[in-house]
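After this come two complexes, each holding chain A, first together with chain B and then together with chain C.
For the complex of A and B:
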């Protein structure tokens, strides 16, 4: 399936993703309503965007007592039917990544549904940190990136260095 | 309407976005005549399908409930709607009487940023000369033209940083994620290809978060750092001797001049540790000539702005990065017919306002200076200036010394503002004419970096809402200058403009993703002269020397360093952009205010402690001009230097330009020093 992948090495934490997602949900720019969150840690100069991974065995789906969570057959996205959701927050507890939030206006859970197969956050990501790609491709290139980073950390000891230094 | 018919009726038009100066390719999804969605055009080379949230808000702009859709006339009982033809008749009559009473030079035009792409600039230049005055003004006198002067006095043109292919990108005083969103993905692509990113900025900007080397420099001292870099690179003996010998002028003079910029001096002057200077130089040395310096608005608001920018350009110069792939490209432009009348009607006998004080600025930009306009209006020197047509600019918020701007513009006999919204400047007008948004005009546009041109599409029109061409056409015909405006509309003008290019309008229409008008050629200097006065790359500029300026890019300390004043212990940087706003624009869009609801002065935790303030407390910030009250936001301790504070412009309820000065300016380009203002800060008591 195609998923939203995130590359913290080039994310600037500009919040275009949060605002564009909020706009899709609420026609407003309320960052807390966004299904994608980007955190910025100034002490480490580190930004990381995170959204639902649409797990193969989604704990949120399994735990939902209202059967409100299902997998979309077309996009393979794990979706919440907000009409069925009872607002019990079990899914929020179950998600190991904290990628489900409570929609305080509607009193139900909210999460990424891949915008029906054309995720808005990716289209409004100006740095290129977010991509919508086949998971196999994504993880292969991620492994390469990770290999490189580990090599740098363990092999060189300093992120300022590269092969030329 | 059912879903099926909705989808059937949906059409996608491809044009460019003008919600900021990045001009990204967009898909405009329409149902009938109505825009329902905007997203990025994947095929446009500039932005490759990505867009920022400002871009989508084109819908907010075009359908804003407070958009001005009828001509308005100020009367004693307030604003009255007036028919367009009558408004044009009255404006033309008033212009005639002003010209008769005070002379041709008493009229002027001012091009702003808000309502179209670049084409309107030359239409305004043509119009004002056609009616006998040389007084063309624009927002470029506070943004862009300073970089143009700095860049072009060294290399002859406004060069384009080839981010995508670069191995070392130095960003001086620019925050692309907020100011030029799409430049961000170019820089990040380069980074993924192994480029090093060096960001020089007193603030840990959004872009600086990703810097390999972040250089937190004292405001307005960038020239000293640049000279220190040049000195050390020469000391390392890594300069490009072949390029320097064959294609440059003044290298030995520059080399001698920079010798005093030792790492110790640079550290003392700029606050940049000598180890950082060394790291920068090593990084450049390993990657040149695939390196490029990109200067933002940050440097042009220095008292020594032009020379600080020239100093930066000298780094690229000694490393030979000009016009090489991955370096600083010298772009070629689309060959069009010339709209301006500087050859036919130069009008030099009427002193263009500001040309005496800033002669290089006028010579290179052929543009009058807004820093001189307010004094001219108020003093009637060198001659009376009584009438102004201003289009999509908001100087009452964005020019320094707002109180003086308001007083001067309010003093005009005729002030016509073409606008989408009732801005603070529009409120001062005698007539407000509704202006076409960028969806309602068609212009020939160029992305110089890629050497592609895009024709923007007029998607629809509204009655009495004109584009700049139609307005100036109608006015010129009323003023006896109709011969200069023979084209019926902007479409006909476009046909004429592209004639010499060999490209037809139909070809442009067939390529909304951008039409490559000429292939990029590298190292053109091997066979052609640089476009400088000397024909070479000028480390030392005889051209500037002939105007009485220093030929070398001399460094002078900002006055907060050279003459510190104990009563003003803080250095105020203004104008850092925020994601959703564009200078003074977008503040009327409700959801943008939800995102960023209040103005703020960004302040270091140590200074906050000293002042006894916490987040959201109100402080009074005072310069020698005036003071404003503004809430505090305490930054992380790495995000700004202690002693330095930042206020973003554009907020009506805390307009920072009430405390900026139009008198402290760069001597070459006249730009106001808006990045190093001496201020004091006091905590406001709850009842104060």
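For the complex of A and C:
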């Protein structure tokens, strides 16, 4: 399936993705309502946009005590049915990437639904860090492969303290 | 193969679905004591608060059992005969099994207080309880909540928001010992006071009497008698194992299971609130009466009943809810003691309180009380607790490290 992929090396931290996502849902520019979040660490000059990866085995879906999360037949996106959602927040605790947020007005959880198959954040990303592509092309496998290749060449081990260059 | 599942909630249903993923042909019978529909206990407070309508309590379609090719029997199991590989139901029916799953869950208990058997004294545990409570759950009614655990406090919180006159009696020095730490409890207690709910800690209830007009009078040590219209008892739950008294299945407080969810008897498995099984902290037998644990255990049990041999990586307690307008979430071992060290990422004054507890550099637990947006941080922490990863950088950079890992394309997090 196609998902929104994220390349942090070209993300400039403009947050267009957050604002456009919020606008397309709520007609407002409230970052808190966005289904995509730019995690910004200025002291290390590092930012990464993170949004739902629509996992093959979504823990949020399995654990939801209201059976409110399901996979969309057309887009394959993992979606929250906000009519069924109790707002218990179990999904927020379940997602290992922290991709689910809370709508304090409607008292339900919210997450990316790929805008029905035409994601808005990708359209507004000014650097091209966000793409809508097949998950096999997702950035992590690309970078992992490249990373490992470079490490092999340089003869380095796998260090937790890898700096970003 | 003849498969029998006793239990119709999180563990039983999770096991059924896992079983059917691998085996679509074996005969499956599911015995349910309460209902012939699948409902979620977690949703009951949201019905009383008006957030969800009654039909939303049911979490599977009406044709669920036929879709799952499962025979549902609404009955009580009174005995297991391991020799004959049969279970005996209350109506004397016997059902044969090749593989049996006991997912009978737990039931709310009543503390030994005199007079706690009067009418208008309820638990907040089943759909039936909620139907009984509903007519009294109106603005202006006076309610006493015994206990300040998750269930009781959630009910008290909902009652307060619905305009009831709420008093809580807690035996211990502070609220929610299983779910929050001292600073977290303080934050919630402040919100309780602000909302008008009356909290009494260190309070031992001694007696309940009934006046002719139906009012309940509650006596407690060192307190004036309290008059209320109804009482909700939320002082804990106990695994449903009474029917195993003559059985060979080894029990402690619950049914002892190994990493494969197997009991001491071959062919018999247990999962959910009734099971006492492995935790991620390498304890062998603990009861975590939590929905996510029940789902995980059921998944392993169901797969193994179909012939697989999966190991459960162990339960990692995780819980979250909103109480009196503030969100509280906790995971793992979040109480600081002299064996571990806590690191506070966010002080209480701003959007709330976020703390992670480490043992020699390995995160073992966390707690968040405040804004709901703190909850995902504990979600991100969960895989690190499971993997027992020691951090080799300053603790302040924990979440930055997690995001760096995502950025570097680490497949470990997936």
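Criterion: the second predicted complex is superposed on the first by the 140 of 165 C-alpha atoms of A that agree within 3 Å, B and C clash if a C-alpha of one lies under 4 Å from a C-alpha of the other, contacts with A are read in each partner's own complex, and residues count from 1 in each chain.
Operating definition for what follows: a residue touches a chain if its C-beta (ideal position, glycine included) is under 8 Å from a C-beta of that chain, and two chains touch if they have at least 3 such contacts.
Everything numeric in this text was worked out from a predicted model, so none of it was measured.
Once the two complexes are overlaid through chain A, chain B and chain C fit side by side, free of any clash as defined at the top of the document. With both structures placed on the common chain, the touch criterion links A:12 to chain B but leaves chain C unconnected. More residues of chain A lie in contact with C than with the other chain of the pair chain B and chain C.
Using the contact criterion defined above for the overlaid structures, shared-chain residue A:65 touches chain C, although it does not reach chain B.
In the superposed model, A:114 lies in contact with neither chain B nor chain C. With both structures placed on the common chain, the touch criterion links A:89 to chain C but leaves chain B unconnected. By the document's definition of touching, neither partner reaches A:4: not chain B, not chain C. With both structures placed on the common chain, the touch criterion links A:97 to chain C but leaves chain B unconnected.
In the superposition on chain A, A:147 makes contact with chain C only, not with chain B. Nearest C-alpha atoms belonging to chain B and chain C sit 14 Å apart in the superposition, given in whole angstrom. Once both structures are placed on chain A, chain A residues 46, 160, 162, 164 are touched by chain B and, in the other complex, by chain C.
Within the complex formed with chain A, the residues of chain B that make contact are 39-40, 49-53, 56, 177-178, 181-182, 184-185, 188-189, 191-192, 194, 204, 206-214, 279, 282, 286-287, 579-580, 590-592, 594-595, 636, 638-639. On the chain A side of its complex with chain C, the touching residues are 8, 32, 39, 41, 44, 46, 48, 50, 53, 55, 62-63, 65-67, 83-84, 86-90, 92-102, 104, 107, 139-144, 147, 160-162, 164. Contact residues on chain C toward chain A in their complex (touch as defined above): 10, 14, 40-43, 46, 51-52, 56, 59-60, 291-292, 295, 299, 318-322, 327, 329, 331, 372-373, 375-380, 382-383, 391-393, 400-401, 403-404, 406-411, 413-414.
Residues 9-10, 12-16, 19-20, 23, 27-31, 40, 42-43, 45-47, 123-129, 159-160, 162, 164-165 of chain A are the ones that touch chain B when the two sit in their complex.
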